[in-house]
């Protein structure tokens, strides 16, 4: 939040291209401690790529990324260590199908961080309890609904005690009736003071959860604003057009 | 005599299979990771192994190599030959398993900080083996059957003894023993792998 | 070193004999593949039909053939057929027979796999049109199954070719047997004979099988939809 000046993530002049197409054309962004930043924008605007660059899933062309003041884009970065501090949740959950829920969650804390198993289990159980999946610890992913899987995926990332969480369109693959349960979990995390960077298409959710909205188009950050200001009165023409499309879809949905 | 021969067949097949699995796994692995030169070499090896008969490979090892100064005894030839052939087939079986693992599964593993070996050990390997198991089974049985040519490198295996008996005119007895021995060797292997496949499938896929 | 190779392959009819051996190898594989396809298709259709008797007995047959090494089958038919039933078949015929027995089983399984992978409504809409069982198979099922089948059939062909060296054991003068004879004759004078001759037939097999497996892979990719 703006009233907390401590910076968790600082992105400077980030450029990324696939082959000859530039996807990110100089991104500058700062995320403060306990701040919830929501990135929205049309598909193909580069918002998912931005998230993937932040934990090294995509190599970048130029620019700098700092995590808690540490430059993580220098050559020879120990990505394993960095990724432990950055939690990521994917669109398609990506639970490990051969492990049950508790083993999915424990893999990181026990094998990567070397924490005692018993201690990690207690931690995992309390998180599962908080997302309403207390009794599912021994289920396999195939036995869970999409919404349940995504909540497990969130817990899996949380149990690494990350300094920031990245959410990459985490409700995009879910059936409509399961979207709510996942968004509720995220809303609670935001209230609890977790630093979050969220890419989403759920406008109402974005409005409710965000401390700040980032609107991206064509590889640029076009607009940065408070949620109320952004949704009521966007400053740029592009943002206005984008929101119009959504309002229209909203109307269609109501008529149908 | 038949017992001894059967034991020889079993032990040669066993070691050949173990080596095939190891070679196959590593060939598939370097190809999966696209290690520059090694992956290329593994690719060439796999094609050579899969597109030539074991018998010719054995002839070359047993009769050819000593002429250029590398003398291998029959037993070694047999195991090396079977491992050479089987490594190529097992590599293809594992490749199928590896290719069934999506890019995003690997990214999920990376995102919780798994290092390269941990990723292999906890995410890639268990899933790849489960997917590859039917192909591994088929290859294992194929390889055990291929051991029947080992008598050409002068090893007293089942076929060798059977041929001896044939020369003495015991056609039917020897053939009957032959059929029974191979049934007794291969049937348990086939059943064992069948059970294993069921267990692995049960343990959690179909996501 | 190269001299010894030239000497072997130019001496007498050595090269010509190798080609004769290769011809026998290819003849046996071609005949067996052809017969296997011919017999395997009806067998496969029976296996995927509802006729319990055929399903079970063909499954047993397939499992037996799968478990038995081809070499054992060759011995069985070459040596026991004559003594038990008093039938004396030439070695080449026996080998074609055995390869066909094996190929038919594999082919039937391929056909069964291809047919059962077709969606059920194909049959239902065919029957709804009033087609007889034969017409249904001939006009609806087979043409669709062929696409799913062909890569497997080509694969089976290379496996047959790679298995033909086994006929060496029942004294058919195939590529391997000829090679061995040449090595035996020239090996005394020319110590590198075994390296050259076995090396060459190694690459002959490779030169035949590799393009075929490339073709199969190409088809698999092209039809993957």
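Letters A, B and C name the chains as they come in the text, with residue numbers starting at 1 for each one.
Just so we're on the same page, contacts are C-beta pairs under 8 Å (C-beta built on N, C-alpha and C of every residue); 3 or more make two chains touch, one makes a residue touch a chain.
A quick note: this is a predicted structure, and the numbers were derived from the prediction, not measured.
Within the contact network of the assembly, the step distance from subunit A to subunit C comes to 2. No other pair of chains has as many C-beta pairs in contact as B-C. Farthest from subunit B in terms of Cα centroid separation is A. With centres computed from CA atoms alone, B is the chain lying nearest the middle of all the protein shown. Between the CA-based centres of subunit A and subunit C the separation comes to 56 Å, rounded to the whole angstrom.
Averaged C-alpha coordinates put the centre of subunit A at 45 Å from the centre of subunit B.
Subunit B and subunit C, compared by their mean Cα positions, are separated by 21 Å. Residues 66-72, 75-76, 79-80, 82-84, 158, 162-166, 168-169, 176, 179-180, 183, 191-195, 198-199, 201-202, 205-206, 209-210, 213 of subunit C are the ones that touch subunit B when the two sit in their complex.
The residues of subunit B lying in touch with subunit A in their complex are 104-105, 107-115, 118, 122-123, 126-127, 130, 203-207. Contacts from subunit B toward subunit C in the complex involve residues 47-48, 50-53, 55-57, 59-60, 63-65, 67-68, 141, 145-149, 152, 159, 162, 166, 171-172, 175, 178-179, 182-183, 186-187, 190. Subunit A makes touch with subunit B in their complex at residues 55-57, 79-81, 83-84, 86-88, 90, 92, 94-100, 107-108, 111-113, 140-142, 156-157, 160.
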